[in-house]
Structures are given as C-alpha cells and as structure tokens.
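Before anything else, here is the set of structures, which you'll find just below.
One chain, subunit A, appears in both complexes that follow, with subunit B as partner in the first and subunit C in the second.
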Partner chain A sequence: MTDSLFSCLIENPLQCTVVVNNVEHQVPAQLSVAGALLYLGHRQVRQHSVSGEARAPFCHMGVCFECLVTINKGQQQRACLQQVMPNMRIDTVTKELTQ
Partner chain B sequence: MGTCKNELLVNLVDQQLDHYDWIIVGGGLVGASIAYGLIQKKPHLRILVLDGEDTDHRASVGNFGLIWVQGKGFDFPAYAKWSLKGADLWPNFANQLSQTSHIDIAYERRGGLEFALNQRHLKALSEEMAAMSHHTQGDFQYTVLDRNAALDMQPGLGESVAGAIYSPQDGQVNPLYLLAALHKANQLLGVKYQPRCVVKRIEVLAQGFDADGFVAKKIVLCAGLDNERLGKQLGMHLPVNPVKGQMLITQRATPGTLKYASPQMRQTGDGTIQIGGSHEHSGLDDRSSLDVMQTIAQEAVAVLPELAQLQLVRSWGALRVMSPDGAPIYQRSQNHKGAFGVCCHSGVTLAAAHAGPLSSWLLDDPNEDYKLLIEAMNNDRFTV
Partner chain C sequence: MNKIYDYLIIGAGPAGMAGAIEASKAALSVLVLDQASSAGGQIYRNLGQTKPQQAFVLGNDYLAGRPLLAEFMAANCDYKPQAQVWHIETHEQGFIVSALINGESTTYVASHLLLAHGAMERPMAIPGWHKPGVMTAGAGQILLKSSGLLPKEVILAGSGPLLLLLAQQYRAGGVTIKALLDTTPKANYWRALPWLVAGLTTPKQLIKGLWLTLAQRIKVPYITGVSDLQITGEHSACGVRYTVAGTVHNIACEVIMLHQGLISETQMGQLLGCSQRWSDVKQCWHTQVGAAGQTSVAKIQVAGDAGAVGGGYVAQLQGRIAGLTRAHNAGKIQTRQSKVRLIWLKLRVKQLNWAQGLAERLYQPAKWLSKPSGCTIVCRCEQVSAATITSIASAGCAGVNQLKGFTRAGMGPCQGRQCGLNMGYLVANAQNRPMSKVQPLSVRPPLSPISLGQLAKGTDW
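Then we have the complex of A and B:
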C-alpha cells in the first residue's frame, strides 16, 4: 500500500469499518469495495495469472474483471459491484508490490 | 456495377484494377487461408477477398480454437486422413504465419483429452478412435485412459469421469489472432481486401466471373452459410446448415489448470478457460440462452469441479457451418470452369491444409495423394 492517489469528495462522510488483508480501516460508507481499495492507496489488487503483471480496478462497471478480490472469504468477485459493509473482510488476491 | 464498388468510403481496393485472377468470396478463416495459400504459391497472382458485414454470422470469430483430430471422419476415411494431415501441417504453417504477420497466434500442440462420463461413452469413443486409426493406416495416434490414467494427466477430475481418450496430435490456437494474422499476412503479400461486401449476384462471363461488379478469371466461394445461395448461381450444390454452439469464458486461472485441450473446454494462452461443446439446431438464431449455458457449465464442473470457483466473464453463441455429414465439401463447378466451392466447419483445424494442399489443388497443381483426398470430399456423396 502506498499514499492514495484519491481523496473523498464527500464532506464528513459516514464511516464504515472494513478489514483489508487482516488490517482494520475506516472508509467512507458510500464507496464500492473497489473505490475503498483505491481510497486506501492500494495500487494492485491482483496479478495477471499468466504474465504476473499488477492489476487494479479499471472500468468500475463490472466489465473488465480486473478488480477481483475475495470478500468475506467467499468466491472471488468484482470489487466494483459491491458496496462496503460494516466489518466486511476484503482480501486482495495477491500480496502488494513492495513499495 | 455492384453496390460495394460504388462505395467511396472504401478505398482498400485498387479501383483501377478491374480484373483479378482470383476472387475469394468470404474473408473468414477458410477464405483467408486459401488467399494466403494462393499468394504464397504464386506471388504474382492478383487476388481479391470480398468479405461480408461485421454483423454477419461469422463462425471464424465465435469458435473454440481447437486443432482437433480425435474422432474427425471416423466414418469417412478421406476426412480422417485430411484432418490428420491438416494437423500435421500446422506447426510449419503457424511458424511461417507468425513470421510473416508478426502476430503470436498462441499455437501449441500438447495433445488433447476427450473425457468420458461413463464406461459406455468411453467404449464408443474407443471404437471411433480405432476406426480413425484404421483409416489412417495407424498414423492417428491415441491412448484410451481409464480413470486413474486420466487422473495422472489431469489432476482434480470429478468423480463421474470414467476415463478419457488422449491423442498427442490435437492442438489449440487463439482463433482471433489466427484470423488477424492471416489478414495481415495477406495484406503484406499483396492480396486485396474489400470489407462490407455481401455478394448478391455472380454472373458467368465468357472467361471468368463477375461478382457484383468485381471481375476475375476464377472464383472460390468461402462464404460459410451463404455458400448454398451463391453456389446455386454457379450451378453447384453446396448444402450447409447452421448448428449453434454456445460458449462461456471464465476469469483468468492459473496456467496449467487445464493441462490439455478438450472439445468441452480449453485454457487459453491468456489464462481464461473457454467452455463449450453444445450443439443446437435453431436456424440463424445465434443468441446464448440460460439453459444451455447452465448445461455446459455443469458438464465442465462435472469434469473438473474446481472450475466452479471461477467467475464467468463472457458468453456468446456462434453458428457452425455444417454439411449434412459434418465433413467438408470441396467442389469444382461442373458447368463453369474456374468456379469452386469450399464449405467446412473446421476452419481452424484445416487452416494449414487449406493454405497448403487445397490451394495447390485450386491451382491445378496438386500432389496426387492430396488430389484423391480432396476430390473424395466433393458433393457427389449427397446425390440421391
């Protein structure tokens, strides 16, 4: 994780606690999971399975499947199609690149 | 003058050059492979490929990408030999095409597995393979695998898999890159290409043919499902029918999730898993439907349960170009010298054969063995 490239434009947003890769964070409650990951400074959520390239949320509308993460230990799913929920467990599929 | 010729927006064809040596009607895998073969053998030939609309039914952009020998022509010896020779020509063809086009078409020949979900199916498959081996004088190689032997080759198989057939001669390719590579190579080699040109009318001239205003000495119909309509205009009976196949693509999985290609599923070079293998007679309706998608997904999960963990990213339907017996039709017009029809459902498997021996046959310069094979697949077999 690095400094975020994104900031929240909503003033005084409601906060929501999520657990990303076993670490608790506060994020604006209106965000999608993909938005929350970008807000928290994640620049990679998975690796391309063949090339190993870093991948991150891209289309934010369910088409590109670049934002697949594991939510609440279930199957991988598109982070852009889920809104954050209190105490949601989000696991990015690969380790972060070294900073 | 036909409608295409009057379209000013298309400037890819040299309008000054009114006469071609060959017109290929259809720019799918079959037409593009033949154009590639012709121009390679005779670089001076003036060849024009007339392609249809983007929205036409295009088997070449909806297919599975297998170079598949197993079972092809088990009841038709010429087709069995032709499929095997076609697959054997593929390595050189792929190499040369990649070099010419600078496109990596993701060709590989690691062999293929066809899974049987019960003993009866395994026995039926074994009998087909034995017939193919007989037709090819043993050149077709295969192994019948029981469940344990199949598990050695593909770990994680579902409980219901009774066994499999393995053939080292099957392979796979990215069919979209293949089509792109053929078109790029053809362009570099001087083949002219006219898109958005659905040929309406072919006139027979004193010496040659006029396809909606484009004139050539010789003409090959490679228009897929439209071949039947166009064939009639040249006195050729080219019976073809659409057979729909539906396909699913999963998210990218770890390479090697599927070790070998199979008719029901294969892992692409990009890591995604392509699932297919349905057959429906539903006319020109190429839409995907939930019930068939569920069926093919369930069958794939029955073979490899871990696939259930993967998300689907896309689905589509496409229409196979099927002759009454499923084998290709290579037809020379009896009434009009210089007119040919090529109908086939295996545009990928046979791409190397079409660029190689079939093109030689069209140029009237075939090796005798190939000539016999090709001419055994003419339409006489449908004459009642």
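Then we have the complex of A and C:
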C-alpha cells in the first residue's frame, strides 16, 4: 500500500469502518469496495491466477472481472458492484488463493 | 407458480426506465431488473444520491436525468436493483429469466422482454493496458458519480465524446490532466463532415458538442495524431509512450484512462437468438433492431445503447417507443393521442440520428488500434497475447470459437467481453477475411459466473 492516487471531492463525508486485509480503516461511506481500495492507496487488488501479475480495477461497471476480492470471507466477487458497509471485511486476492 | 409479468425489462438506464414508465402507465405488469444498486444506468448513475460537489463537477447534462428518475421511481412497476441476469430461456408462456440477487438465484417469468442493458466500452488493447493504474474513461466517470473520487493527476488517451466529457468534468474538479492524447485519425474528420452539416437541424445539440470539443482543445494539454500508444512501467503503470509524426514521446503519470467509444452489449441478444449484424461504420456487432425496438425474435424488444449507441436522450426516447408499442400491441391503449405521440417520438429519434452518424464516423477507431501485436495481452482473463492468437489464426484456425478452444482466450469470467472483438480482428487480419465473415464468440449461459451452490439453491426443478 502506498499513497493514494485518488482523492474524495465530497467534503466531510459520512465515514464507514472497513477491515482490509485485517487492518481497520475509515473510508467515506458512499464508496464502492473498488473505490475504497483505490482511496486507501491499494494499487493492486489481486494477483492474476495464471501469470501472478498484479491487477487492479479496470472497468468499474462489472464487465471485466479485474477487481475480484473476497468480502466477509465469502466467494470472490466484483468489488466495483458492491458498496462498502460498516465493518465489512475485504481481502485482496493472491494467486495461491485463486488456485 | 411464479407470477407472469407482461413486460420484463433488463436494465434501469434511460431506456429501461422510460420503457417501464410507459408500459406501467398502460396498466401492464412490469418488472425491471438492474445490475446496479440504484436506478439511472451508467449515464445517470447514482443520480438519486449525488452530493452537491459531485453535481457541480458532473454538470447539467447529468442532472437533466432527475425528472426521468423521479418518474421511474413513482411508476407502478416492480424494480429489483443489484440483480445480475445470468440466464434467459424461452418458455411456453414467454421467457424465464434467472437473476442472482443477494447471492441467490431467482427466476422470473414474463411474456415479453425489453433488453435495455446498454453498452460497454470498446476494449483498447494496447501494450500494458492490463497493468494496475490503467482503467477506462468510463471507470473514471463511474468513480466520480458513485464514489466522488477523482484522480490527483491523470493522462486521458484515445478517442470519443466520453473522453472529452470526462476531461471537462475533471477540469471542473481540479484534477491535473497531464495530457489528452487523441488517437482520432485525421481522415475521420472529412468522413464526418456531412453529418456535422446535418446537425444544423438541431443546433442546440450541435453547439453543445462543438463547445465540448473546442473547450478541451483550448484548456487541456491536447495532443492530436497520436499513434503507437503504450503503457510504460514494469509492474504498474508509470506513464505512456506514444508517437506523433514519427517522433516518440514519453509522459510520466500513474493513472491512465483509456477510451475509444462504446459498443453495444450483444450477449443477451445473441443468447436469445436475435439476429446479429456486423457494421463496418460502427466497427462492432450489434443486434438488428427495428424502429419500435423489435428484433428478429417475437416478443423481444431492444432499446437504447443495447441496440445502437445513440446516447442517453435517444435511449430514453427509444425506451418510451418500446413501452408504448408494447402497450399498443397488448391492446391496453388505443387512443389517437397515444398513436400521435408514438409517431412524434419516432420522428424525434430520426431527427437526432445525425449525432450518432457523426460520432460513429468521427470517432471510428484508428486501424492500428484494431491490430494488437506481440506480447500485448488480448484476453485479460486468461492472459493470452496477440502473438499467440495471430500465430494460431495464421495456421488456419476456423474462427474465434475454435481459437477459444486452442488458446483459452475468451474463456475467462468476463466471457469474452474484453477480448472477443479483438480476437475477431486478429483472425480477420491473419486470414484476410472481412470482419462480417468472422462469427463472434458464441454465447452460452451463465451470462455471468454463478457458483454451483447458488445454482442448486435457486432451482425449483
């Protein structure tokens, strides 16, 4: 995780607590899960299951499946289609997990 | 037994909302299934919850969707957000539509369908487009609409009205646009000229379009005639390299947004057997749609960008036409007033046709962009390169469906949406065939991934 390349233009947004890879963060409540990961400075959200290369959200509209993460320890799903929820557990995906 | 709806609409963008409004006004039972968490489609995404700062940046055209959204929310129809349609099959009473809602598969039965699921961005397979930091311009706009996020600095690259609109919105939001790299071929301007003249019939729209184009050229570092665009950086994007008039340039930036127009989503139409056609002007496959939204399959209509990319306003008109036509055919309304209205709506669509014609010609993708080569990834899901696809296509592979078997390209979770078109181009190039003779990837259920558990839980057979 590094400095975020994105900023939120909404002043004093309502905050929401999420747990990303076991670390607790406060993020604006209106963010999608993919948006939250970018906001928190995650440059990559998964490792590609074939090549192991880093991948990140690409289309943000549910077409490309590049933003697959696990939410609340469930199945992998598209982070762009889900809104953050209080105490949501978000885990980015590594190659080993996919296989 | 499930309730049988008179009209099941897929998509709650302008076309779907307008279709639902008209059909429900005529007392038809209507169900709208939409993938997003709130109605509006991509163009009016999150409009109901938008904050003042977002509204300022997004501009008046976005806010113009409010009356339609309000009318839809007040309409007497069933609406299911976050519903991912994964299968549609024909049935003696019409159609069975299966959708994943909250992780559970639910089936609905309807006598008639309206496909209003919109378009997607044309995949722009340049070297490095799969690296973190690269996203589509549509993605940039969605982040702004739904999350209020802006990149701190960005390079915009490609061609098309959405790229210009995003540039305008980013300027309003104070984003540093390091460059707008325009890949539009110069010859396109001449081809588009007659359609520009036709635009004089609706001067308001024409002036708005011209202003959007000119303002960005003046106010953004705007570079035309760009070719050989590629993403630099090893593990994630560090910038772009491109050529203008034979000279290579580099610009550093960690967020790069690509765009080269929209193409209609055809998967549902294909699955249902609606006849498809290749268009050399649009440079994509599309479902054949008549003036009232009718397709080659009885009881299935298509409206909005799902049929041909004409923008939000035209989509709304087409949605109304489809809904009214459905109501007329069902014998629910027969008044002269509604017939006149239907004629007026169709005329209005015809009148605005120039904009679509202009955009299709002016922003027709550059030839070099449809010829990915070397290690450029074509299929992102299965990590298949252009060189692999070309070598198999050159060896005489019958078409993209056989290519899929040989290379796994098109077999990943996106179901070929990101690679199908480029696979077609590579086969056409390697075998010297016109695109119209290279059949698109076949579509089979599920339209989006569904787990066996979800499948088993949701079935009532």
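Here is the rule we go by: the second predicted complex is superposed on the first by the 94 of 99 C-alpha atoms of A that agree within 3 Å, B and C clash if a C-alpha of one lies under 4 Å from a C-alpha of the other, contacts with A are read in each partner's own complex, and residues count from 1 in each chain.
Note that in this section a residue touches a chain if its C-beta (ideal position, glycine included) is under 8 Å from a C-beta of that chain, and two chains touch if they have at least 3 such contacts.
Keep in mind it's a predicted model, so treat the numbers as computed, not measured.
Student: After the superposition on A, what does A:65 contact: first (subunit B), second (subunit C), both or neither?
Tutor: both
Student: Which of the two partners, first being subunit B and second being subunit C, lies in contact with A:50: first, second, both, or neither?
Tutor: both
Student: After lining up the shared chain so the two structures overlap, which partner does A:79 touch, if you call subunit B first and subunit C second: first, second, both or neither?
Tutor: So A:79 meets neither subunit B nor subunit C here.
Student: With the two structures laid over each other on chain A, which partner does A:40 touch: subunit B (first), subunit C (second), both, or neither?
Tutor: So A:40 meets neither subunit B nor subunit C here.
Student: In the superposed arrangement, does A:32 touch subunit B (first), subunit C (second), both or neither?
Tutor: It touches subunit C, and subunit B stays clear.
Student: Using the touch criterion from the header, give the chain among subunit B and subunit C with more contacted residues in subunit A.
Tutor: Per-residue touch count on subunit A favours C.
Student: Given the touch rule stated above, what does A:90 touch, subunit B (first), subunit C (second), both, or neither?
Tutor: Neither partner.
Student: Determine, under the contact definition given at the top, whether A:8 touches first (subunit B), second (subunit C), both, or neither.
Tutor: In the superposed model, A:8 contacts subunit C only, not subunit B.
Student: Is there a shared patch on subunit A that both subunit B and subunit C touch, and which residues make it up?
Tutor: In the superposed arrangement, which is not itself an observed complex, subunit A uses residues 48, 50, 65, 68, 75 for both subunit B and subunit C.
Student: For subunit C, which residues count as touching subunit A in their complex?
Tutor: Interface residues on the subunit C side: 35-37, 42, 49, 51, 53-54, 57, 82, 84, 103, 120-121, 130-136, 138-139, 142-144, 146-153, 173, 235-236, 254-255, 380-383, 412-414, 417-418, 448-449, 451.
Student: Which subunit A residues qualify as touching subunit B in the complex?
Tutor: Contacts found on subunit A: 48-50, 65, 68, 75-78.
Student: Mind pulling up the subunit A residues that touch subunit C in the complex?
Tutor: By the definition above, subunit A touches subunit C via 5-11, 13, 28, 30-32, 35-36, 38-39, 43-44, 48, 50-51, 53-66, 68, 74-75, 80-81, 83.
Student: In their shared complex, at which residues does subunit B touch subunit A?
Tutor: 251-255, 269-271, 309-311, 313
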